[in-house]
């Protein structure tokens, strides 16, 4: 069996591929749903409805998609530059930690350093400080593996992966210690953000918040950077062929470091947005693996920043819809994760098949035999 | 016909398409026992494609391959190997981190044995090596071998399996004249033992020397086959290209100008990419081409990287127009140094970027192309279209990814990028490293003309090349590099082929009439 | 000093080997995949699947070794999936790996929940017993005698794998496809077959590592019980520079830090020279030390040259 | 008579000790035909609010869960569905009009098991393994330690947290380490600890659930949490249409049979009679309200 690049990739195939993948996914998962003894047709209707079928469904899907967009962008930026950042999870947590460190107050009032400012500016300054702090925290966390890779050749897949564990323990330590909310009855959670910092809701009686807008704007921004700026060209060149980029006079180390900072900052921002948009304070389980999902999303999107938006909404919709469906037809709710996993794999396969043709060469056995 | 022995190898109606491109168009060929068949053709004519099909790397869209009259299943190198085909690829296929013996042994034993027969294998390798004069240490790590040694390993690989048909895809492209001679010696011996050879080369001298028959491909089609003895170089060249090719030579009356660059007792420390450069001095003048001869792996890379602003001297100084220059590529580019790297795929271009993006990669500080960090795409594209036209870069236009260019066209793109960017302000120094490696004669002629024109416009040119003909045709002065040391640059006419060869082997102290340099070499 | 007391006691080393066994299996599994040029981030999920299916088989009456075999078989299947995705279809190895982890994990949980819908305590099996017959052997007896047979298998696996890689034609083929697949193919090796085979075998080892958790270290299956052990193995392979002996050493060292960490933590404030640190600091210790170790060995790490590079026949 | 529609939303799998008690009580109510019971387990923090909302939308009359880490989200939903009864495991206060709270206030039997442990240890060394140092765990550990100290002032404790709720091999490893240090009675807050004790022939004390059937020669005594009284009280209120914001914490006390010292079972004859006499006396004092176990929620530390 071998792959052969197709001469021309038809638009139909490229855009049809995801739908083919979805069909395959539904077929595979139908077996699992049927195994649990649930009605398959109804289950899928419920899934669709739960993910995209109502205002509430959309609000939930978009809420779930917001942090995914940011971690997806973070991964896409890093992967483009061939920096395999598997550490968005840790960067997210550190960003969230920084956000509550800056914007959290036991009494809910403005922190002392802000109150000396004019009343009107206080909120904005504090908000900006919170966002910047979260982004810097995430950026610095990825800077370490990036520098280790550049200077000492330490594999960043491994270091970013390990840092996830370290950061989670660090957050646990902070929430148990200095940053613990004294009013949280001893439960390990941070003090709550100043209420003014919480992001505005986009819909009544829902959780969608303005972080969604922010994430989408950033996706467009990253796309524009990639496409129109020198830095974008440099990132792509360094990622595709660092040696040639260096020869042409590009500052490879600086570009890698900047890309790392950008990537880490985006993941850190995901943490800020979750705290400011959804929970209001930080706990140890604020992210159900958004960082790892970022890798999935970035790849589904083919590392394209705008694709990240679509992929996030798709994945979030499936998760939300399948979760609701599992409850309604009484199948174990891990079905949601199964569906996302199968969807990811079949999506990857489908886009591959849209670009490549699989050829099975006739194999004749009369002449084969062992060599030597 | 029916009573003559069947050909060892017969290709019938081979057709292979890559997308819309027809790389091989209905090609039929025969190879007889004890025969050397030369395959000629421009870059991209389809030579490698044809032999790759024959060996099973590629699968033909149509046509059959027969060995001794029996059909060969398509797409199976195992079957080709079993049928007695050995192939030395255009680009080495050796694992650098493994030993020579491992590279030879792989695939020759059943995978399910619980241990390797290394002792017996080593003895056999030694035997083949001595019999055919292919000296190489079986225990050595391939990554540590010179290019010539790797070539020998590739040939031993084929012989170890008892190949009866040997395919050599541009085996001499990177060899020294001495190594070429020894390779041809081995070939003669093999042919005498009944081996048949398919030999691919761009060097017509070699083709005339070793082959019995010549097949010429052009644009995927077989345009002629015939006995070597019944043709000549000029005719072959014309058939390959479809027109007469004029090889440009230097104008000996060209006068040299002021000093452009000076290397004063410069040393460069070895690193992963290159070996050391030891105490090298050289002066480059405007309007003059200085050639650096030498066997690859003797410090050429270090010298090229030094003069491209990549490597920094560990001792001594490099000055350009009297000013020292830090090892920062941008500064060298800004100072008017046009750089043509040795490896066009790995260093010269970024395959995933489009031609226009590649064309401006050296110009990201130029306000013509970049304003406030934003690329002026219109200007960049216009510039690239102009470059494509002036340098005759064929391959689909400014929006095509550079990886789709053939080697010759990629080289033209790099030349264009290096030589044409400044408009009125021509480059002061051109550093060209192996600029014609692997190019067909049409492209070679083109590149050489560009270098001569640059010199004629007043640039100093540093030409690092292993091709002695090229140096004799272009260089005003030639210096020889050997294990990091450089002889004085002497007028080209004062070198004989013999003295060059000796100097390249690092032995020709008599041939180097310069006591200062002698001491440097002795000290090493 | 207390530290010396700890590391010179037999029970400490018993703990080290017990903690280390799943890591040894996992690390050698990753090593085998990566030697063939394939990064396998599916390990975390494959360990979960191995832990679940190995336990499940025994729970349904299979002998313990039967459970291990079932786990290995499931590992082979997921290895085949990962192999087809990354080798035949040349998909990104990172993403395919994460996809396999997601799939194996969620499928295991799904199946477990279908099979055991309303249990209030996790059902248990009778796990492997310690190899008491070894207890009287001098020197190693006090340690190995307290371990189960799977630990012995893990310890023997390293030299076996080293022999395979460095002494057999198959091992050479595996290393070759990880170094230069084009060269291997030019010598008649079926690159895809060797790569997929290595990934499958490596995945089987990972699954057995998972099964150790449920049939040896413990006697029941829990959600999340693999708890990041797979990721550790990915790091250990780099630390080991892709050498089986060093992989064994690395896994044992990591386990030693982990076991030591538990003991230091329990020492509380009493440990001389150390203030009472939050327990998280101790939990961090093995990870921090892993990164430091990586930094130390990175310069010398000789990556398989074709690692993470998909090989498409007939393409350059 | 119509069944009450009850939904439960758990952040962990239903095998997890804490949640298993709620799950059990609700399943029993379902078996008795009193309720329709649906649940979601392993619901992540990020999804919690949505799941609760969906149950509320679907018309559940009573929703149970643990709102510890999602306090504000849970309370927000409750406000949006004032007709639905919310009964949440929480360290916080009830919230008008419909948000009630409960918690595993089983420090009383924990104290008693501590006494038994203190009396049973021969090495005067007790080991305690926990997942995370959260108040729900800490207060039981402190009560246990107090109880042990009452009967045995010389006893010392080794405490360690493994940083995971679901890593029995790791918990077992921590317990082994304690046994190596000389502990001969282990407080089994996590799965895995009793296994270590069993393998080494040491004793263990159960927590929240009774694991003696699985470890007949190891688990001496357990502090049981019974959710039945809490559930019964809440169902009664819902049925009567009188559910409001209340603290159901008291229903987890021994007085209401929300907590108890599990029967000694296999250890009936192995625990010294005079020790048991002291324990029983303390039990009575608690039931009579003459003795109150102190609630301490700080992180417990090893003693020396």
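We just call them A, B, C and D in the order they show up, numbering each chain from 1.
We take it that a contact is a pair of C-beta atoms (placed from the backbone, for glycine too) under 8 Å apart; a residue touches a chain by one contact, two chains touch by 3 or more.
Listed by chain with UniProt protein names: A, C = ABC transporter permease; B = Ribose import ATP-binding protein RbsA.
In this text the structure is predicted, and so the values were computed from the model without any measurement.
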{"item": "Touching both chain B and chain C (ABC transporter permease) (chains)", "value": "A"}
{"item": "Any chain that touches chain C (ABC transporter permease) and chain A (ABC transporter permease)", "value": "B, D"}
{"item": "Gap in Å, rounded to a whole number, between the CA centres of chain D and chain A (ABC transporter permease)", "value": "36"}
{"item": "Separation of chain A (ABC transporter permease) from chain B, taking each centre as the mean of its C-alpha atoms, in whole Å", "value": "45"}
{"item": "Separation of chain B from chain D, taking each centre as the mean of its C-alpha atoms, in whole Å", "value": "76"}
{"item": "Numbers and ranges of chain C (ABC transporter permease) residues touching at least 2 other chains", "value": "109, 187-188, 280, 283, 313-314"}
{"item": "Overlap residues in chain B, where contacts from two or more other chains coincide", "value": "59, 75, 78, 81-82, 107-110"}
{"item": "Overlap residues in chain A (ABC transporter permease), where contacts from two or more other chains coincide", "value": "2, 5, 169, 172, 176, 334, 371-372"}
{"item": "Pairs of chains, among all present, that meet the touch criterion", "value": "A-B, A-C, A-D, B-C, C-D"}
{"item": "Chain B partner contacts - residues on chain C (ABC transporter permease) that touch it in the complex", "value": "167-170, 172-173, 175-176, 179-180, 182-190, 302, 304-305, 313-314"}
{"item": "Chain B partner contacts - residues on chain A (ABC transporter permease) that touch it in the complex", "value": "2, 5, 7-8, 228-231, 233-234, 236-237, 240-241, 243-250, 359, 361-364, 367-372"}
{"item": "Residues on chain D engaged by chain C (ABC transporter permease) in the complex (per definition of touch)", "value": "13-15, 20, 23-24, 27, 42, 127, 133, 158-170, 172-174, 176-178, 180-181, 191-192, 195, 209, 211, 214, 301-304"}
{"item": "Touching residues (chain side chain C (ABC transporter permease), partner chain D) in the complex", "value": "9, 11-12, 14-15, 18-19, 109, 118-122, 124, 213, 217-220, 222-225, 227, 258-259, 262-263, 265-270, 276, 279-280, 283"}
{"item": "List of chain A (ABC transporter permease) residues in touch with chain D within their complex", "value": "56, 60, 63-64, 169, 172, 176, 184-189, 192, 205, 207, 274, 278-281, 283-288, 320, 323-324, 326-327, 330, 333-334"}
